[in-house]
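Two complexes, one shared chain (chain A), two partners (chain B, chain C).
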Partner chain A sequence: MAISPSIITGSHVLKHRHGMSGMESSDGEEYTYQDESGEEDVGGVESQEEEEEYSYSDGEGGCAPVPLPPPSSSMADGCKVIDADELRATMSALIDDISSVLAIHPCAAAALLRHYNWNKESVIDSFCTDPDQAKEKAGIMRFVPDLQTSDKGRLCGICREDVPAEALVALGCGHFFCRGCFTQYLVSKVEEGMGCPLTRCPEYRCPEMVTENFFRVLVPHATLAAYLRYSLKSFVDICSAFRWCPGRGCDFVAMGNSSLRACLCKCGMLFCFRCGEEAHVPASCEDMVTWVEKCKNESETANWILANTRKCPKCATRIEKNQGCNHMTCRQCKFEFCWICMGPWTEHGANTGGYYKCNKYDPSTPTKDEQDGAKAKAELDRYLHYYQRYDNHHKAQEYATKQEEEIERRMMRLQETDGSRWIDVQFLKVANEKLVECRRVLKYTYVFGYYLPEGTARKRLFEHHQENLEKFTEHLSWLSEQSLEEFKKEEKRSEVVNYTRVTETFLKNLLKSVEDGLMDEDGEDMEEGGWEGKSEPGRRAGAAGGGQVGEAAEEGRRTLPSRDGAGGGARARRSGVARA
Partner chain B sequence: MTDYATELLKRQLHELNKNPPEGVSVGLVDDSVFEWELLLVGPADTLYEGGFFKARLTFPSDFPNMPPTMTFQTEMWHPNVYEDGRVCISILHPPGEDRFNSQESADERWRPILGVEAIIVSVISMLSDPNDESPANIDAAVQWRNDRAGFKKRVRAVVRKSQEDL
Partner chain C sequence: MQKHLGKEFRRGNANFRVQKELREWLANPTENLQVAVGDNIRVWVVTLTGAKGTIFAGEKYKLKFTFPMDYPSKPPSVYFLQPPPRHEHVYTNGDICLNLLGRDWRPNMTASMLALSILSMLSSAREKKIPQDNHVHADNPPGKEQANWLYHDDRC
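Let's look at the complex of A and B:
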């Protein structure tokens, strides 16, 4: 990628922090330079891919309302998706269970469960060891299922009014308040949000818990509904066996365990059960946290500044020299100096080898500043390499997801033009779904790859898998976008079908290989070029898909170099992996 | 909600004026019943004895379900008072459970039953008995713990200043 703000001669004073590619679109900040003529131009970097045929647009993949068939890969197994009603039933079953085992009221059972983080065993353990202590901790020491009424009028401690007996209410603890103040208190607790299931008596230091029944009796309908939602939400948040689907506006909940890497919701969202983000195999949750943090913060911007700017020797303003001669004038303090030696320009002349020359500079002894600059620049380049490809696949994934409707239309039209059956045109949809999946995985391979140590056999093996998947994904993408006219030919259709299958095989190989710790079957030390004769993934693909797949793969090998999008072209050409 | 709070605050102000706790006088800052001014005489037998401390109480619109904030206007030197004068004691913390906090401290937090009088009582007790477990002013807390003589000197200076400012 070329870091190329538009070409302006002379010196620039960096007016703002400088942004980097991709970053600026995400946070909407604009970074401006000012050149000597006072014009502003937007700094930043253009990605080369923008000129390609895809007209990507922003937008959410979001939650499609239509349930999709499960993806063919086995990534989403072992996870059950339930809706709010089923969830409520699960929660009630747990409460009823405790209620009957310990012979206590369900509301008291719920309070106990909440206190012991919904862990049935610890509730029973603690209760059987010392019931009074367990009750006290859970705030149900003096639990009564219904509101207490007073036998005489009293002063309400909150509003300080004398209140007649019939308007007073209390929990089991017997602290009476007027109904209005008590209700007001409960409503304000629900308005506060998440903590409302753990509301206690309004009396100072009274540990008695306000259980669900009291909310039911006292608060208005809408507030009660909110209370029940928060109650359910805290149940899911606390139990590690549940996870809300992160899809926008989606209320489904996944049941599973933390060893699950991916979970497919009924809304179509595929997410990681452990961290609740979009499924990110092969990258780990930890890698994702670091990566997202890295992309968010400005450490790379700082690196950019280090690599591309120098401080004015007088006022220390950061200056970027884009073009022009070495005679710099700081816009800030008007100090004139030499870009090469950073010394005052007044010292330059015949004795430095000519007015516009500076023989003071000795390249064999780089200064500390320059060494740091070079290091930062190298690290920045490395990051940008990964980020750009990550971003590219991300956009391609969004594009492919958005294509779903268009694909449906194409399928309809294809059926109309040549009278093929619904089942005959499914291949387009299947191919697109595979594309979305591959794009997603490819996106995260760049996170995974970024954190894999350089120069290791594992990394070489990984990049080999990545490159294969990338090649086939790009080719499948191109194939499935051909005109409908092309798809009238039977061989074109089977080409798409075959490529979908081969691509899936490569996808599985990549994920399997990462799962196995990226160990080559023959041991660790794979030399460069050793791939030539091995062709492992290709062979497996051939074996899996039958003869036609072999042809497809062969075809892919021949056509791909010219269509190599995000992958390294040189590597793609060198390796003959897909040989049948 | 606001009417409810207004009504309650008026009543509490009236009660306090009629029957003020020892060494304390209260009044409104302006016309708003949500901004109170407090003059606190340093309690006898404490380091703060003889001082005249001005403080503000700012009430939220959802009082009494949420607590007011208290800020000393007079310069203060105390482990539980921030350098900007804000008082940090548990009953002035919003009510509610914090799953990651021990239950005892949640019990000590604000409840709607508490009124201005309870706050005044707590602040007086805070002056005589600083809590250096969870300090707001760390320097003051360290000095209180390690250099009691220095702490006393500093407090005396604060007391003198409060008398001069009056």
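Let's look at the complex of A and C:
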């Protein structure tokens, strides 16, 4: 296909806009769920200013808890993402500080800090109490800044040859080895990896540390670079105020504290600062550990039961789900069904009391072998119920993430076909980003839900939120997968825009409710008030256009617990009564 | 054995240092430690005889030494061939729990120092018993790098 000038223009704009669109634009580097305005700043007008606001200049430059903007909530504090250069500067600042306070060489200061786990206070305490002991422990008892030279030839303990004086070198401890052997030893230590910043003199039992200054004069350039990388890596691994971004091939580091639940990296990865895994709100780190362990143990059973393909409930053709939405249409027989429950899609609607009633586990579901319906089987069923939905959202999240490039192509094609501006087609990208986020959160709601006791009001409220988010997410997924022809219509576009916003509202409601301890007892009128019928996100909403969706958004906000203290108290009192 | 001693190796090559050690060992023979080398100069089998007056007196065990390419920056792999002695720091798969074989190895140490350390470890034992955590380790193949080992009493 020939490339028309308009495409080239498009791709140019794409590059220009790329970094400013989506989540990053609204929040700068800080990621927060408490952004009340909830407006997606598509144009990214403010992003420049916001980034500057967070520019970090800590005079102390330490690993001590980093001063951050006052936390808006325990769920998502501010978190500063820095690159290797800024990290190196932070580490050097700390070393220089110790170096000048204790009047020692920076390399000796680094060895001290490393020994005392980069804790400035313990270094100063120990050094002032007993400098010799501190130096001995850190392996800098006989530290010198430069290599020692010998006045006479000796036997090198490594190659076991007699070596002339000029070829011999030693650390401050005076154990001489030939330069070549010493270098080879250091290179081999760096090749070993992580432990290389703690390399000691080659002499048996000598505690003297080979500090950075010696690496600098002895090893080749590439090895030195590797040494410095390991040195930096161990610094981050030890300091609790830092966390490497777990994104694949990402070298950014987050600065924050362990109360942070979600931290957005510049590479787009959203991760939990506390455990370093993908951000898993609303599930806790502890839940995640037990869940992952459980999934590992159960994986064979689960895989056996949950094969990747399923049979069409009508014609039994094998179907592999390769699209994001759970609304399936069999190519063979055109039968429409729900991927989760395999029931006909027509039953998923207002007439069954909910468009998407597939998120609740009903313990009373009769099993095939009722007589051996032992506890173990029931437990496995329960687990599978949650695992299946967890896995389903996980795959949908991966799918949506992979879609990013395809979406950009779609956006360009849409621009070409009807001459829209780049900004006019952003809605597709924004919707997809919201989908990825919702899929991720939904995935972890099944971990959270699995550990939430059955039959409690809290669980009912949680499942209510989960169901809302799920049905809007599914519908948004379905909406944004429509053909480009559809998106030529203005009302189709605004429908996607509106659904993106509504879905976001439901997402916030869910997270807020979990954060508040699921204490909202307004659930009664939510469950019976029949608003689910009103906000039904089916094709009906599509037909009705934007007005209907706006109403749904209004409903979404209504479930948001009031923020004022009186309201909270009233809620708490009511919930107390409800339990009694 | 002689063919290994006759060859010329370049300095910096692991074989250079191994050959030197082999020469030194043969020049200073020890009654309790006999070395044998096959086709590969970097694989030694050392026959260890329990020292007089100890619980292993007169018993013969074989130690296998394998020198890596980056010897002596890295330690040799050393383990007992079957059957190994019953000792609280010797696993039934032949592995020896010794800090000098891992964390505390330094390049100016030699194979003969290691062999002597192992002999003295056997000599100081009061009773023949296998390591407490033997069941955890016994099924592993012996001679792997002791990179992340925790030594029971900081040395063995």
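One rule holds in what follows: the second predicted complex is superposed on the first by the 367 of 580 C-alpha atoms of A that agree within 3 Å, B and C clash if a C-alpha of one lies under 4 Å from a C-alpha of the other, contacts with A are read in each partner's own complex, and residues count from 1 in each chain.
In this section, a contact is a pair of C-beta atoms (placed from the backbone, for glycine too) under 8 Å apart; a residue touches a chain by one contact, two chains touch by 3 or more.
Model, not experiment: these values are computed from the prediction.
Engineer: Looking at the overlay on chain A, is there a clash between chain B and chain C, or do the two fit?
Structural biologist: Clash.
Engineer: Give one of first, second, both or neither to describe whether A:K137 is in contact with chain B, with chain C, with both, or with none.
Structural biologist: Only chain B; A:K137 stays clear of chain C.
Engineer: A:R421 in the overlay: touching chain B, chain C, both, or neither? Say first, second, both or neither.
Structural biologist: neither
Engineer: On the A-aligned overlay, A:P207 touches which partner chain: chain B = first, chain C = second, or both, or neither?
Structural biologist: first
Engineer: With the two complexes superposed on chain A, say which partner A:H221 touches: chain B (first), chain C (second), both, or neither.
Structural biologist: The answer is neither, since A:H221 touches no partner chain.
Engineer: Quick check on the superposed pair: does A:L198 touch chain B, chain C, both, or neither? Answer first, second, both or neither.
Structural biologist: The answer is first: A:L198 touches chain B but not chain C.
Engineer: Could you tell me which stretches of chain A are touched by chain B in one complex and by chain C in the other?
Structural biologist: 157-160, 175, 177, 181, 184-185, 188-189, 192, 200-206
Engineer: Could you list, by residue number, the parts of chain A that touch chain B in their complex?
Structural biologist: Contacts found on chain A: 137, 157-160, 175, 177, 181, 184-185, 188-189, 192, 195, 198-207.
Engineer: In the complex of these two chains, what residues of chain A are touching chain C?
Structural biologist: 157-161, 175, 177, 180-181, 184-185, 187-189, 191-192, 200-206
Engineer: Hey, which residues of chain C end up touching chain A in the complex?
Structural biologist: 11-12, 16-17, 20-21, 24, 70, 72-74, 104, 106-109, 113, 147
Engineer: Quick one: which bits of chain B touch chain A in the complex? Just the residue numbers, please.
Structural biologist: Going by the criterion above, the answer is residues 1, 4, 7-8, 11-12, 15, 62, 64-66, 91, 94-98, 103, 107-108, 111-115, 118.
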